[in-house]
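I have a structure here, written as structure tokens, and I will follow up with some questions on it.
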Amino acid sequence: MKILYFAKLKQYIGKNSDFIEIKDNKRIYEVIDELKKRNKNYRKAFNEVTNLQYAVNCEYVNIEETVKDKDELAIFPPVTGG
Amino acid sequence: MKILYFAKLKQYIGKNSDFIEIKDNKRIYEVIDELKKRNKNYRKAFNEVTNLQYAVNCEYVNIEETVKDKDELAIFPPVTGG
Amino acid sequence: MKIFFQKESFLVEEKFKKFSKTNSTAGSIISFVGKVRPTNNKKSITNIEIEIYEKMALLQMKKIIFKLKKKYKILDFLIVHRFGKVKPQENILLVIVASEHRKEGFRFIEDLVDWLKVKITFWKKENYLNDSEWIEQKESDKKILITSN
Amino acid sequence: MKIFFQKESFLVEEKFKKFSKTNSTAGSIISFVGKVRPTNNKKSITNIEIEIYEKMALLQMKKIIFKLKKKYKILDFLIVHRFGKVKPQENILLVIVASEHRKEGFRFIEDLVDWLKVKITFWKKENYLNDSEWIEQKESDKKILITSN
């Protein structure tokens, strides 16, 4: 599954995307828990960037949503467009 | 007193202004009653142009308002600006 | 903070460019352009003729702007309103407003245009090929008149 | 009915002129321009940097426009939103809408700009002389977010 990071989250993690393998469905918070185990950049990012938003295949969802391997998951702070 | 006519009212009366002498204060409807005595153009104008508006010295007033000789009275149909 | 009543046609892009330059630090610039439509009730319009009571229009407009500026914080505005004969597709009215934040600009311009539609002492007559007709106030605008009093 | 996300700066007057020409029979043309202000919290801004999730931005924008077009009768619109580095006094966002009547144009453009401020997947970072800061969503915009959900 492709994971995209944006803005402050991307800056803290130090890259704009990851690919992970998901065998069955997983909840977004489970995916994040796994990412946080990778290294302290991820831990810092997910602990310090507050009020994160989630989108699966370009649709806003909440952290309880399940994702599949073919999905594109995006994680980002609240948007500030316009 | 100067009286100004605009739009359809002006067209019906056939001119854009009149000067009349007012000795004491007069109500606007009294002024109009006098104007209607002048000729059939005035009568037709004041009978057929409905929903007339009144302004004394550039301020909207109602037909009961009194006017003095130094005032400028404007009479017109509802505006359609913009 | 300028108001123009003029017979001459004008180009919105030129007015806009100049206004933007003098308000280069504003966060929001909103504009409204009202144009003559080519038909009304399926009748083809040759031109519209706008008659004005200029003295009252200016005085009343200054009063409403004074009120609106107290209500909404804006930085600058420009109003250009044509009178005389105006052809289809030409601009009748341009309002531009600069503000720090968009919300106050939107409220200011919408209130001002509402006012212009129902209160400014301008009268429109539509000229068709063979006849002409004075425009009546729209029902929707009458409602605005009542609520804004 | 066009949407542009672009790095390049643009001139509002040129976009306006072209849009007006292709919508010459519209009765109302309303535009909103959002610009970079020179300071924020008394800090002088060198430039702002806008990062975008383009695929989602486009998809979501098409959805909101589809909804708004059902709600308000408009004839045409143009949206230009910059990304990358934008300097103070430059335009970030332009929205123009043509409609027969102004009220529907105003509602369409205001709803659309509200949406753009709180929903489009764009993120702004302000660069100052010696440091930089990601912009936080404004309290006033959060409220819009809640009521528009």
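Each chain carries a letter (A, B, C and D) given by its place in the written order, and its residues are counted from 1.
Here is the rule we use: a contact is a pair of C-beta atoms (placed from the backbone, for glycine too) under 8 Å apart; a residue touches a chain by one contact, two chains touch by 3 or more.
Everything numeric in this text was worked out from a predicted model, so none of it was measured.
Q: State which chains count as neighbours of chain B and simultaneously of chain C.
A: none
Q: Could you work out how far the Cα centre of chain A sits from that of chain D, in whole Å?
A: 26
Q: How many angstrom lie between the CA centroids of chain C and chain D, rounded to a whole number?
A: Once rounded, the distance between the two centres reads 24 Å.
Q: Report, in whole Å, the distance between the mean C-alpha point of chain A and the mean C-alpha point of chain C.
A: Taking the mean C-alpha position of each chain, the two centres sit 49 Å apart.
Q: If I count partner chains per residue in chain C, which residues reach a count of at least 2?
A: As it turns out, chain C has residues touching two or more other chains at 34, 113.
Q: By residue number and range, which residues of chain A touch two or more other chains?
A: none
Q: Which pairs of chains touch each other?
A: Pairs satisfying the touch definition: A-D, B-C, C-D.
Q: So in the complex, which bits of chain D are touching chain A?
A: 34, 50-51, 53, 55-57, 59-60, 81, 92-93, 113, 116-125, 134-137
Q: Under the definition above, what is the set of chain B residues touching chain C in their complex?
A: Per the touch definition, chain B meets chain C at residues 4, 6-8, 10-11, 55, 58, 74, 76-82.
Q: Can you name the residues of chain D that touch chain C in the complex?
A: 11-14, 16-17, 20, 24-38, 88-89, 100, 102-103, 106, 110, 113, 140
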